[in-house]
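After this come two complexes, each holding chain A, first together with chain B and then together with chain C.
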Partner chain A sequence: MVPPSASNQAEQPAIISLEGVTKRFPGVIANDSVNLEIRPGEVHVLLGENGAGKSTLIGMLSGLQQPDAGRILIDGKPTPILSPRHALSLGIGTVFQHAMLVPGLTVAENLLLGEPWWRLPKKEALREKVTALADSLGVRIDLDAVASQLSLGEQQFVEILRALLRDSRVLILDESTSMLTPSGVEELGALMRRLVERGLAIVFITHKLREAAAFGDRISVLKLGRKVSEISPERFRSVGEDELIGEIVEAMFGKQHDDPDAANRSPNIFPVETPAILSVDNLTLAPSATTPGLAGISFELRPGELLGIAGIDGNGQKQLAEVLSGQEKASGGRILLENRPIERLSVGERRDLGLRYLTDDRLGEGTVGTFAVSVNFLLKQIDHPPFWKKGIEQSGLIERHAVQLMSEYDVRAPGSQTPVGRLSGGNIQKVLLARELAGGAKVVIFNKPTYGLDLANTLAIRQRILDIAAEGKGVLLISTDLEELLGICDRIAVMDAGKLTGIVDNSPTARTDVGRLMIGLAA
Partner chain B sequence: MSSETGSATHGQMPLKKPGSAIAHRLVLTIGPILIALILGGLILLALGVDPIKYYGYVIQRGLLSPTGIQQTLTRMAPLLFLAAGLIVAFRAGVWNLGADGQFLLAAVIAAASAPYLADFMPSWLAVIIAFVLSTAVAVIWSLVPALLRAYQGVNEIITTLMMTFLGVSLANVLVKLVFLDPSTTVPQTRTLPVADRLPRLFDTTISSGLIFGLIAIVAVHLMMTRTAFGLKLRIVGANTRAAIHSGLSVPHLTVAVFALSAGLCGMAGAIDILGVQGNVRADWNPAYGLTVIPMVFLARFNGFASIAFVLLLSVLSIGGESAARRLGVPTVFTLLLVAIVLIVLAIAEYIDHRHNQAAKA
Partner chain C sequence: MSDLFSDVFLGALFFGAVTAAIPLLLAGLGEQMSEKAGVLNIGIEGMMIAGAYAGFLGAYYSESLWLGFATGAFGGIVVASIMVLLCVRFGLNQIVIGIGLTLGFEGLTALLHHFQFSRTYPRLPAADVTVVPYLSDIPILGPALFKHHLVVYLAVLLVFVLAFVYRRMQLGLNLQAAGDKPAALDVAGVDVVRTRAFAVFTTGALAGLGGAYLANIGAGIFVPFITNGAGFLGIVLAMLARGRPFWVLCGALLFGVCLSLTTALQVAGINIPTDVIQMIPFLAVMAMLIMFGRKSSLPAALGIPYERGAR
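Moving on to the complex of A and B:
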């Protein structure tokens, strides 16, 4: 951890200070004694992977959630932030990831929302204020434009404007660049600089390193709910951008001495002539509005091999998993399972051949939350004997199957009839694990299998993955946790913008190699 | 609205015994009905009608008198088919609000084909063919919303409602222009002679359609709860993304749901014509479909509970029709009662939910 330097005599007092703020959710510690200071005239970047605890932190700052421990000081006084409305009145304005404008209303009408209902909207006063603000910031905005017709960048600006009109002193931008075009990102960056010059404090949340380095004054790196590093403005000014990024990568992906992932496995090297159990050749998928698609993905997986897929979240990992499992149709390329082409087969046929996919979206698509655990065990085998005979459910067998799997995989639930949605994240993951590993698995794709789980469950799941590989099955492990990949994989591939930018053996230099591939430098 | 509301609320009370959970459910269902009857009574008082007398009369004419109970049970037949059709759709997350259009078109086809077919084949065969034919027409009528929902994601609430307007008008056009009986002055189809209609049960006037209706709704209930196909439909209804993830073909299942649902609604129309009405008069539209929807909701998409609620609706409407003539209370008062029941039920559900939340916190 970089200690905050004591020599900042020119620094203004913080508007908001977080002292040991902790927030727990069932089975997860989202924020673990986080200390943070937000000062006027600074862009404070919160950097971290998905699940690092950024959103929870923002939730507490904007009044959506309350910390379980620790306190929040505003202007030096301990002040609980009770509600979003309260946060606004304290001068904390939040612009969320997805624009929250009413699409059918004009910009002016959107800005006037939230006034007390009995007051007549003061359109003229608003026009004057907005023009003055926009001029001083060097931005043009048409108050009569309908919100849905604005570009995402413009919509974001309207939201920022809304926060400024309410006299915000602190502006929180939650992943604001994720939906923007590169030029939109540049504009937003320039705008942030002008806003801090006016004495505003900005909290800028992102997982993109370049943006953090380009727009920030101070960077706090979050990892698994803890603040693992803070880079002060002095440090910012004294080193070059590349060195800065290197430092951030080290903080985000580097080994922490108290990291729970110490259980290391010596990677196996597979001779090239070992026949592949899964081979993927030039797999492509057209990009959509929100996903990068896939561009010429090729790799081979050997029996017993554990191949990791590293990369910043949202670079096509999920698409790769879905195309392999058959959930999404590839636009080109071949997939061979034990030398048999499967790219035209359905999800069910691929599963029957032994290709299994553990989704990362456990409740969204992995299970039906309101259905019993016993039914969720068989979600992908409906109408298969012996559990269904001529289409009729054999409830006794289904029940016995459930009880057996629950004890085998240590699923803790009141009973097999409990709706799966009421289980903890770790137990839901065990249900998925039991379902996908049952009967004849040959290649298993794990998508972020330990994401959001507590330490005990994380270690248990990793052990399962190691056991599967030891049994001679092929394992594809998609993870955004580099430590996890370095801990258990044989080889690690890096995905960036829908491409595999490289595959490296898990040798002692893998950490640096993968880190460099992740930020777009050749290994 | 989740099709699994029932089991979800049930699951919120893990500490209670199953018996007390059922009792809780019963209180939550019967309570609102009683409250609604009281509120309805207040409205009757305001209209200057003695509520005790009205309700007594409704029960007397709808349930206790021999002719009344026979009419009530006969009325249940099409309503049971409609309830079955709605349960299939609602449990699969498809909001088929086009039951009335499907019902009426099937009814017209049954009324047009049965007398014609009976001219040159045994009447039992004519009735069967007319039944199948009208069911098929209802299924075809549902194809437009089905395909739009399955492949384009168009909201079926809108399309099925719009198809109902079209269907009702088309049925009228067919009666007035195509299947008009030239031998009568009122515009209507030819009439199926009483002797050729579905047999009556024993020595009563109850149509055997009641039996078919009961079979249909029990079959649908067992299909939804005990078969692989029903489970697939429920998964699509409860979590479409999980269905896709599990490799189910959601578009195919959606079309199948529409076909089943519309087919059953069509059967309701056919059974009403072939068993009771015998013909379709122009501008005839009983709008049973829309009155059955609240019953299915009250029953929480449970087939057996739906039978009870359909019986209640039949008693209220048959008794209400008689009471209208005797006491001058309009027949729509029945609908008013149903509406009050629904509103009270929703409030009860809300209070119960808040109570559960508070108990958990």
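Moving on to the complex of A and C:
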């Protein structure tokens, strides 16, 4: 019982085919032999968490980046996409995650960008075409409005219009719903359906499962740069939404058989009466324009416990870490370190009491890239004895300290004088680790410690985290990699929109419980 | 005081103002185009001095002022091509390269001039003037404004041309996009490097032309360091004019009056120390910056090299 439309669609040849496309950035494999087919009349959803490699894939399709291996076929012919202009001429229009409109120009002027430079803009002809197109799609747009004054949804529609005006056959929407209001998302979804009915191919990138199930025809799930699952339109139609979501959750968060980094630690259960080393009570932070803030975060961390914080990136994890470390001031709530309130203390005072924070921004706020490794080890103790005496650097001592830490933490660098910015991500992380664990750490907060690292370094860092917990320190591990949390944590809390939506023990059912909490379903 | 505001004094003042304003106008218009496209062109002073020297040589050897203007513009383009290569193509720091070009070409032209002419300063014959019929008969202002070399009228015409380009032409949109959000221009299928290169080459040509006018018509001779900050005044004008060519014209005329005043006041024999009089144009710059400088809104991507797909 295959619906007739489905069999028709199956005969449609793919407009774009990716064959074994691989893209590497220094220290990271963003895409690892990805195969993908994009067919007319289909919304092809690319689903995956941050860092799954979605945006890199889009960069290659839109001509901003070139694959390192593999090939891209257009209409069955191998065609390297050389530049954005080339992508447009091949009929590939992209709506990028961050609006690509010139803020000071009007909508009409933005739509006219890209015409030959010697021309006079044909505003009247454009007006006619846009009006016809917008009417047929049931949307209104003011061509004379200045782009910077449009809402994000309107800006996105202008970009979609631009792609359509150029006779695009493939429309790529990169995280287009992430900035939209719920009604804006609905409108975009309806528009996508109308466009594929006209025979357009749409590639829709999102990390929201509901949207994928609601608007998609075909879903490919990306995870850590690899395509781990594809759900065909036939399958899409034949199963119910709940079953579909279950299948996707399994693909996104499920354990993979070939995953060699799965740690097997049996979680510790701590009796309730164990005194907490860190307790956080009703911590709040006002939301800003770009961050969700914190809404009444409470939890307790016991000595030797490894508490994981799961959640889709950008749901307040970084704010939580920064409020705990003192880099940001909470608007309310209490933080007790060994029963001592520390919420009024400065970053340095908290550090001296044993609260340590390893930022995810390793090269930005974590280290000074142009400074030597040896100095980066002491970045938070500059001008303190014994390494500085009366303002004078004790270079011999600093050097010995560095050499010792480098061997202890297996930092692989040409030498202690190498600028830290030249090291790989894994080695920079080790420098940070060595620095933060030195001298009386009691509670260590990790923010995405293995993000972007290769396997060997990932395993080494995870082992180090386990060792820290085994020494009786409290560990808070913020990660967007659920596998990592399930592998090593004792308990896992889930953050969504600045709230802790639940804390579950790392039991055999934790995988599905956390997965469901992460995508906004009750555990 | 009646002497001071005599017809002769005012005539000389305004005539001198136009002559002094033209190099500033050309530099300001050129700088404006670079800045619109996102390139802060500090090297414009170097482009002017190169244009002044090349223009002077062209006119001196060919005995044609027009050929002098052509070599002057070419001299500016040569310097601009270094800026295009280093700053636009390879994305090096625009301020460092700009300062380097200015200092380098000030020194180089002085050196070459010394080798070539030693300590003599050959003078070019006075320029032919094009008299605009009827308008030049207006008392005082007529002869002051409408008895100039043809290139002066062309420079003023250029203001209108550029205003048209910026407001009405596709090129104007491209230039503004290159300065405001180059990534958007790139994904719209227009090469950002080419757009910016075009702007910087045009700046070079205009600055070179301005330099040639300064040497060949304004002074009639070339002396080392003759531009004396005219390029930097052009940068000030471009920043104050906020993308509008007419404002560059107004500003250039205002500075022109101040510069002309220094000469006119000395000629009129006013009993003020020369040093004070020569401060007037620069006091005017400071006054204008204090009055309008705060409001100047510069392109968002000004001074930032564009790299495709940078993350």
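One rule holds in what follows: the second predicted complex is superposed on the first by the 512 of 523 C-alpha atoms of A that agree within 3 Å, B and C clash if a C-alpha of one lies under 4 Å from a C-alpha of the other, contacts with A are read in each partner's own complex, and residues count from 1 in each chain.
Basically, a contact is a pair of C-beta atoms (placed from the backbone, for glycine too) under 8 Å apart; a residue touches a chain by one contact, two chains touch by 3 or more.
Just so you know, these numbers come straight off a predicted model, no measurement behind them.
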Q. Does the chain A-based superposition show chain B and chain C clashing or fitting?
A. clash
Q. Does the superposition put A:120 against chain B (first), chain C (second), both, or neither?
A. second
Q. Regarding the shared-chain residue A:84, is it in contact with chain B (first), chain C (second), both, or neither?
A. second
Q) Taking the superposition as given, does A:270 touch the first partner, chain B, the second, chain C, both, or neither? A) neither
Q.
With both complexes superposed on chain A, which partner does A:236 reach: first (chain B), second (chain C), both or neither?
A. neither
Q.
After the superposition on A, what does A:104 contact: first (chain B), second (chain C), both or neither?
A. second
**Q.** Region of chain B that runs into chain C when the structures are aligned on their shared chain, from 19-27, 37-45 or 145-153
**A.** 37-45
(Q) Can you tell me which positions in chain B touch chain A when the two form their complex? (A) 2, 4, 7-8, 11, 14, 226-229, 231-232, 234-235, 238-239, 241-242, 244-248
Q. Which of the residues in chain C come into contact with chain A in the complex?
A. 168-171, 173-174, 176-177, 180-181, 183-191, 195, 300, 308-309, 311
Q: Show which residues of chain A lie in contact with chain C when the two form their complex.
A: 25, 59, 62, 64-65, 83-85, 88-89, 94, 96, 100-105, 109-110, 112-121, 162
Q: Provide the residue numbers of chain A that touch chain B in the complex, in ascending order.
A: 326-327, 346-348, 351, 359, 361, 364-371, 375, 379-380, 382-383, 388, 391-393, 414, 418-419, 422
